[in-house]
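Listed next: structures, encoded as structure tokens.
First chain A sits with chain B, and in the next complex the same chain sits with chain C.
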Partner chain A sequence: MRAVVPVLTVVAVIVAIWYAAAVWLNAPWARDMAARQDRELGAAELVVDTWSQDKPKLPAPHQVVTELWETTVEKSVTSKRSLVYHAWVTLSATLAGFGLGTALGFALAVGIVYIRVMDMSVMPWVIASQTIPILAIAPMIIVVLNAVGVSGLLPKAVISMYLSFFPVVVGMVKGLRSPSAMQLDQMRTWNATSAQEFVKLRLPSSMPYLFASLKIAMAASLVGAIVGELPTGAVAGLGARLLAGSYYGQTIQIWSALFMAAAVAAAMVGLIGVLQRVTLRRMGLDR
Partner chain B sequence: MMDGTPKPAAASTVISASALNLTFETNDGPVHALRDVNLEVGKGDFVSFIGPSGCGKTTFLRVMADLEQPTSGTVLVNGVTPEEARKARAYGYVFQAAGLYPWRTIGGNIRLPLEIMGYDKRVQAERVKEVLALVDLAGFEKKYPWQLSGGMQQRASIARALAFEADILLMDEPFGALDEIVRDHLNEQLLALWARTQKTICFVTHSIPEAVYLSTKIVVMSPRPGRITDVIESTLPRERPLDIRDTPEFLEIAHRVREGLRAGHAYD
Partner chain C sequence: MTARALVSRAPLVAFQIALGVALVAKGLVSSGVGTALVTLALFAVWIGGTLLNSWLAARPGVLRFKAFAIPLVFGLTLLAMWEIAVRGYGVSTVILPPPSAIAVRFSHSLPILWEDFVQTVIKGALSGFVIGCVAALVTAVVVDRFDFLRRGLLPVGNFVAALPIIGIAPILVMWFGFDWQSKAAVVVVMVFFPMLVNTVEGLHDTSAMQRDLMRTYAAGYWTTLFKLRLPAAMPFIFNGLKIASTLALIGAIVAEFFGSPVRGMGFRISTSVGLLALDLVWAEIVVAAIAGSAFYGAIALLEKAVTFWHPSQRGHGH
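Our next item is the complex of A and B:
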């Protein structure tokens, strides 16, 4: 409870700065319009105008909140104008990509830990894959997949996977290697097989690393899915809302899509956090 | 578990090392961890290895356990190579740290080697109960390691090494990290356990009183190169109350160990 006051203070400060910035950024347009109508704007009028424009450079917080309210609560979720619908379109691709990326990352990590050739060769490629800007390869992935008849959710999921497998590989390699030399020797004294060593020692030891990786992977997946919606001219999804918004100068729509994306990311990462706490507490690894 | 393995010629010899050498090649040149080591350990012996750190005690124990390969010479455990002995699960190894898995209960930790070795569930449960009673931890089966003191954790790790009925117990400074009072108590319990189970125990320590109190045979080692400088057969009776440590006989053996350690250093 003691955290409430500082948090609210920070939020209040941010909102205040935001309102001030809205006045500052939107004022030129307001003055232009007034000049055209041969009107003089008083200070109060100016402020009111900058906070209520149709296509402001920076929408005021209450405009975004109103838009969010109208497009989530007041629209049926099946409507094409519902932000919940668009969020779900993006989220489903995000989750599919997250699942694929986690599976790929996990498989690579196991290979790297157990197969010497992979240990020597895979990591540089994994790192190289992440140095290429996703914006550069996303269109190619989508075009190639479209050419072989794959469209819709899957191409977006592939881009999500491309971004999300990386933290999982890195984290899981570290996690699977976290047992001490003593713990591994101990397994040897019991003449354990590699499979037993993996299931009973390496895998449980890697859990804290896994969850840390999953959080990053989830955020990366969402970015991937949104980016995947940009080059396709997609008609649905948060990325499509962002793109359409920027075509038509609908800044309020852009900002509310951004907030929705942030909320979705926070919810998903929070969910993993809960899973992490429950699992690690049960495993006695949280102390 | 050992019925398939033939008994060695001298039926009472459990571990024998002859002309054993182990050299680690390091960046700073070769380290002679073991030089010309010869030793016979009889069935039911309690052998302590004592010496300053770096004299090869751990290395010797690890060679017996097939965790380290000798450069030359031979070691037989139960009449076979350490590798065969390890695969036959001939020994239990207790490391310096208890190394219990935090995500398993005490019972679960003790069950771990049994699961790996494919014991059936019912037998697992019986064995866990038995060895917990043996190390005086009955009733702690459902507790987690963090709920136990350091001494209790080390007892649990001994129980784990006992669970699969190997007749050899290799222990590398198992009580090294514990305070003296706990240590005395555990030493007493270990002797009682040894008497009850008739196991052969190899025990690394660098405490003279601990070595003398526990052992039927004390192997004094010295470093650079790691070697055995003296083997002392204890004249103490097998039945040993803690206050045996004040008897002249005890002090005399302790004195001999100290002399052996000193002689090893004078060699340098």
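Our next item is the complex of A and C:
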């Protein structure tokens, strides 16, 4: 609660700067139009004009909010002009990739923790794999998978998966190794099998790490899905809205798609946060 | 060795053998001897690589050599399997070129690759990385000075760091034009927030006792900042730099998808995909991977030199 006032202040300052920047960036166009019509713009007229252009360089916040309202609430959800529809297209790919990535990451982490050779051979490559800008080859993955007859949701999910498995591997390896030597010895004195050791000790102790990784993985997964939509030729999804907006100079559309993406990211990460709190409380791990 | 003993002693190899036998059998039944032989070769290489690595890992020897050799064997195994699979199954080069074809293409198109590297990595990514990181460092020091700003900006910064920032690429391309300036701008925005959050956190990583000691020395704000708090923040700053280094490359390449001059890695990748010249695409990926690893490695080396006192750097290496 202590943070509310400072956060609101910072947000207010950002909005104020945004309005000022809108005037500054859009003014040349407004002056240009006025000069063509042989008019002189007063200061007040200039401000009003810069905040209400059709294709501004930087749309004012209220223009973006209006566009968001029109494309989410006033359009039916199934319409192709509805932002909810596009957000759902992106979200479904995100969730599919997130699920696949988490499963893959989890499996790799278990292998790395339990099999020494995998630890020494796979782990360096997992790290190296992330220095490859996979987003850069997203178009190729999409086109190639299309060529072998896989299209629609799955290619985007593959990119999301690639981006989201890494945080899960790193977090889970750390988490599964977090029990102390003393706790592991205790399990051994109880004659626990390695399966029991995994289920009763390692898995529960890895939960805080798992949730921290899941948040990062979800954010990365959304980025993957958005970029994955770029090369499909702007059919559907938030990435397609971005691309179409940039082709036709529809800045308001770009910004509203961006805000929608931000809302989706915030909602998903928030959801994981709630899950985390509930789970950790039931396990008695929250402080 | 019985099957049971194999599963418990070498679960990975047991799994590989089981999968290999199943797939070879399936190949024999459904698509003939040739395919089955390719599958057999594939699994022979895989299991051979794994056994070699198991042997290396179990051998008493210098840890440093093993940490280098084992990943290398694993990588070579993957490359060999890739080559065998593509050639053996007759995969079209339009879908997946074999590594040897990529290597040939790489050596033949060095001038193009170099031009793209300069355009994207040096001009776009590196300049944006430097501007963004310096700006974030300065902002972090200012934010840290005023507690009100810290409490207000940090949650916002954390929120922004989780957003798909790459989405602003089309806007910045519109503002700054098609050349490298717009790519650098995208990189600046992408690296700014992770860097800011990490640095602010790092500047708080001093104990009350350390700060008290500085006070007994009658050190002022600036002296404390430069002699105690910035050095103490270095592990966090380097953490931010590492995250930023991968983001920088991604930002510079993806921003080129929204418009670029006729050079640059992102441009080359998107046009070559259209021309089905996948070997050139993979050559660009190799360049990107080398550049990314070198970038990350350079930062890691610098970190080792600067934060030699930190526990995470002292534990191993000698």
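Operating definition for what follows: the second predicted complex is superposed on the first by the 282 of 287 C-alpha atoms of A that agree within 3 Å, B and C clash if a C-alpha of one lies under 4 Å from a C-alpha of the other, contacts with A are read in each partner's own complex, and residues count from 1 in each chain.
As a working rule, contacts are C-beta pairs under 8 Å (C-beta built on N, C-alpha and C of every residue); 3 or more make two chains touch, one makes a residue touch a chain.
This one's a predicted model, so the numbers in the text were calculated from it and none came from an experiment.
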{"item": "Which superposed partner A:R177 touches (first chain B, second chain C, both, neither)", "value": "neither"}
{"item": "Touching partner for A:I254 - first (chain B), second (chain C), both, neither", "value": "second"}
{"item": "First (chain B), second (chain C), both or neither touched by A:V144", "value": "second"}
{"item": "Contacts of A:T189 with chain B and chain C, given as first, second, both or neither", "value": "first"}
{"item": "Contacts of A:I226 with chain B and chain C, given as first, second, both or neither", "value": "second"}
{"item": "Larger contact residue set on chain A - chain B or chain C", "value": "C"}
{"item": "Contact set on chain B toward chain A in their complex", "value": "62, 65-67, 86-87, 89, 91-93, 95, 97, 99, 101-103, 112-113, 115-117, 144-146, 164"}
{"item": "Complex contacts: residues of chain A adjacent to chain C", "value": "2-3, 5-11, 14, 25, 57, 111, 114-118, 120-122, 124-125, 128, 130-133, 135-137, 139-140, 143-144, 147-148, 215, 219, 222-223, 226-227, 230-231, 238, 242-243, 245-246, 249, 251, 254-255, 257-258, 261-262, 265-266, 269"}
{"item": "Complex interface listing, chain C residues touching chain A", "value": "11-12, 50, 53-54, 57, 66-67, 70-71, 73-75, 94-96, 148-153, 155-156, 159, 162-164, 166-168, 170-171, 173-175, 246, 249-250, 253-254, 257-259, 265-266, 269-270, 273, 278, 281, 284-285, 288-289, 292-293, 295-296"}
{"item": "Contacting residues of chain A [partner chain B, same complex]", "value": "180, 182-183, 185-192, 196, 200-201, 204, 282-285, 287"}
